[in-house]
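Note that chain A is present in both complexes that follow, paired respectively with chain B and with chain C.
Our next item is the complex of A and B:
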């Protein structure tokens, strides 16, 4: 199956979404990412039982951090999808990219350019 | 261990307003174990501060460092060459850290990045609970190993009080009545009779009420 998804998305592979760390996501923003999302397995389908729930909690925590920094919390999201759902992966990628485009460049990057 | 909570980011940002070169300083002791002030948290806080600075169009000089302990002068000394090159140091150790740092490096303003909350232990990953108030005269063996000083809201020695209901303390349904647990525990051990002992008012001189405490071990002193 060949599916199109936006080329500006940089994929960072992890063994489980539960491995995602606040620092991974924060570093992405520091380095100028306009948005970050975590693609985890469907709830209830984690091979390590609760990895995807932990990932969601970290994403929610980070939303609070972004808000405190004056950055739109919507720039970070968590999505659940099964590894058998290629089309959904591509669809989420397109939708998230569209949403971030709507928000515009990250305020971190804008300041750097100014 | 000594347990603490991160200060709100807004509060830290306000502390370092106008300070150009900032160091976030962690400690590998208690605060590493309770996930609030170790190398990892130094990385997180420093990154947040750099993001805030970049966003404001400021030079993002926020360095990271973690030392073995901030409650021992020998480790504080490791910063001798660099400390005074900073405009602000944020210590995320317990309250001892910012004090030892500012005593040794009086020219640099040192800010506490965490709120030191209590002496306690981990109930599970991410959950800590208070266990000791360092009263200076430990008596827990008389109460089935459960401390009524630190864990009873009123620190009463002859409990429970009239507010104990359904195993919970009257201050909140989320707080166990430690006296309920003491009675249960002692009963289970067949030691209920021991609780008939009436405790006189505790001598708080050994606690903070006797003023700041200092401990000298002649056998160890150089």
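Our next item is the complex of A and C:
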């Protein structure tokens, strides 16, 4: 379909969204990410049965951690989409980018720069 | 001075002007330009040549052999014909050459030769020319003005404009077949066209033949009134699939073919070329169209940017497959697909683009609607080549050109050793076709058991290089993918950038990294530059990673020393408008891949022995067939049946839908099972525990003689289902109300029972397709129609009613529906919200329903009310827990993939068959049982199973035995062993959930370690 989305999206492949660790996401912010999202299978369709539920739980937990650190919790999200949903993938990429742009650079980056 | 011409051509229509010398005219001119003709120059012959020359000054030669009057002298071309076309001269030269050859050999010049003639039209070899093509005028080129061109001899024709050239190109009828001009080879960068490939005859010695020639989509051109061949916006469902496809003509964007506008309204017409004996001979239902039309409508809605209206015009909605009814419900209620029960007669084109459909609503009201596109849900039929193949192989076909099969051997044909599967054996959907394919393989294995493995070849890889202690030396190969990447991304810049990255020892860029010569280049580079890691920046690892892993294995590297950067699907394709940013991102992606590559380690898979034995649970027809198939293929089987009798539901059935009596078959089957030396039968037994993994299960079977521990490599779960007990229509309160199976039992006891009855009614969907059981039980429509025919055949005077919601006699079963109607069975449709009402009336029953044709209540009395009760799965909770096999919401076993893996469980080595999967008639249960056996044989036939690779491993020194992994693993793999968590390599699926959750970081997922993921993540930013 070759649907266009912004170039700032960089994908890190994992065998299952359940593999994502809170540490991975936190490190991303430390290294300069302005936003992180996890794209997993549709709920109920996880190839490994329940990995996407685990990912969502971790993302929700991380939102709390970010808030406590003074980072906007909206900078991390979990999205469910099937591999057949190219349009949804592109849409999420566009919308998430737009939201992060609205939020501006991550406070971590600002703090590091200061 | 000009002379008057009296004749231009002679009687042979050759140019030979004659003049009237007296009629002349004088014109004053500044310049005279002569238009010069041609004639032969025979002066070389001299005056006394004996060669015969015509009065026109041409040499006389035989038209066929080109021989002149002088033996040994031949002539051809313009010297014989006078001025003529070049190709005629070429032909004459070739004919003369043949003659000269014969002349030297002393052969007859003319024997067996005849003048080449144009072939009759039906033998001419050209692509068919569409009949409805519009005539377009030829392009006319402009000339220079007369004034301008009188002063010179420069070309006066100005040529065609680019637009005219394009228009002329459009006029091409594309009638030509390949003329071997090799332009395609020139233009294809991948050099894909291979003109040297020719058909070859191969003689193969085989033990079995499996025919799977598939189907041809029905051609709806014969329906004049559907305007299919006239109107671009009338498409077949197959064409619409392409419209929706990302690789289709519109790259997956929903658009109207006539003008590219996004459609706002699309209609589907069902049963085009199916259930139709007026326009074609396809009396059968094509079995798949209802479901695909719903799917197309839902996907079209998803693809559309604007709200899209979709309407499906149908006769009966046949969503009889597993979870199909739920999909139908969702399409109607959540997606808003409109379902209109009406057979449409005509599609009228109006204005340029739109189409008008007139139809009658269920209330009989005439309506008309306009649509932007109409999709014809075309049926499946056997193609002419498949029919030809069947003839050649002496395979019997039915009147509908499907293979003649028995319900008891659903993939068999009339010839032993030749099997058929897929839509050649009757129209069917993908899961069913996949099942039959595995079934054919399973059955064929019986005959091939002795020669198994005798013709297999093993790939030999070079010894793996030991890279331990070596610093990473990464080779980076950047792919242009033709112009897919190179057209957007500056590939040489990415390549040069890669050479600056840490550990990179070699870089290169390629036109197609996946091509064979590039594979050789990669292997050479590994050797020459002593590379111990390889990164390919190209397309998706999903499609190409295995190929590149294979390449590096061939160069002696462990296949896990490989990493891919997807700079096509994730970059050049999706950032086409921003080439600079895309190039920058490609560099980022390469940097990320190199960062991970530097940290990847070789992983070694381990080969384990396996137990070549099977456990089959369930002694019904499915279980018995699976057990026999496995045992006949040479593997010992434990067959576990919880009751004291083999046969299951089949013991209560009278005959198959094709009319074959079931009792003798089941008796014979049970006898075979009981007497088979390879089958260990456990009656009154249940499997209570199972541990282990594919190839190495250990199960406990509770038998009347005590618990038995059994080692086995695979298990087939065929635990069956049963007819549910209805809770409505006075069932259980009135003896005249019975279920389908109970009615079968009555007929079995007294075949003349119908003679004692004046009227019988059948009620369909009793307990099915309702909120508490939202699935279609698949077999009841056929069962009731069959029983209704039985009643009518025994007592033609009896009134027989079938109260239904949709008649789902799918596939060739449609013939039974037709037969029932011919016998005078009355079909009365009811709606879920207006179910028929039944009241006791003495010995009889009074039924009240709304007649769908009259739209009015009808009341009639019957002697028997037969309820098509829903089919339910048997209770298998304990067994499902023992094997950790998932169940769906209705209690049926859940297969690994609904379409592509219909007999496998997600866990390897476990298979399912029969009613435990979903309600199905006996022929399909047998096919699925053979399929399960076929799938199980893929494991049993191996000498060893390979495990490991991307799996989780535990560092026992870090494990605090908190049991987090035990709770996290969706497959229950981690166990506590020797004071720490232990993960069995063969059982691990490699999802990494445990690694992510382990609080002590004692668990590592190989190839996706924290260090590797974080290195990649860090590289994303600098």
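Assume the second predicted complex is superposed on the first by the 114 of 114 C-alpha atoms of A that agree within 3 Å, B and C clash if a C-alpha of one lies under 4 Å from a C-alpha of the other, contacts with A are read in each partner's own complex, and residues count from 1 in each chain.
In this section, a residue touches a chain if its C-beta (ideal position, glycine included) is under 8 Å from a C-beta of that chain, and two chains touch if they have at least 3 such contacts.
Because the structure is predicted, anything quoted here is derived from the model rather than measured.
Visitor: Which of the two partners, first being chain B and second being chain C, lies in contact with A:12: first, second, both, or neither?
Guide: In the superposition, A:12 touches chain C alone.
Visitor: Quick check on the superposed pair: does A:50 touch chain B, chain C, both, or neither? Answer first, second, both or neither.
Guide: A:50 contacts chain C only, not chain B.
Visitor: Which partner chains sit in contact with A:90 here, chain B, chain C, both or neither? Use first/second/both/neither.
Guide: second
Visitor: Between chain B (first) and chain C (second), which, if any, makes contact with A:65: first, second, both or neither?
Guide: first
Visitor: Thinking of the overlay built on chain A, is A:27 touched by chain B (first), by chain C (second), by both, or by neither?
Guide: It touches chain B and chain C both.
Visitor: Which parts of chain A are in contact with chain B and also with chain C?
Guide: 23, 27
Visitor: Quick one: which bits of chain C touch chain A in the complex? Just the residue numbers, please.
Guide: 246, 251-253, 302-303, 541, 566, 570-571, 573-578, 581-582, 584-585, 588-589, 592, 886, 906, 950, 968, 970-971, 989-993, 995-997, 1005, 1008, 1010, 1013-1014, 1016-1018, 1020-1022
Visitor: Which stretch or stretches of chain A touch chain B in the complex?
Guide: 22-23, 26-27, 29-30, 65, 68-71, 107-108, 111-112, 114
Visitor: List the residues on chain A that touch chain C in their complex, please.
Guide: Checking each residue of chain A against chain C gives 1-5, 7, 10-16, 18-21, 23-24, 27-28, 31-33, 47-51, 54, 58, 85-87, 90.
Visitor: Which residues, counting only chain B, touch chain A once they are in their complex?
Guide: Contact set of chain B toward chain A: 8-10, 40, 43-44, 47-48, 50-52, 54-57.
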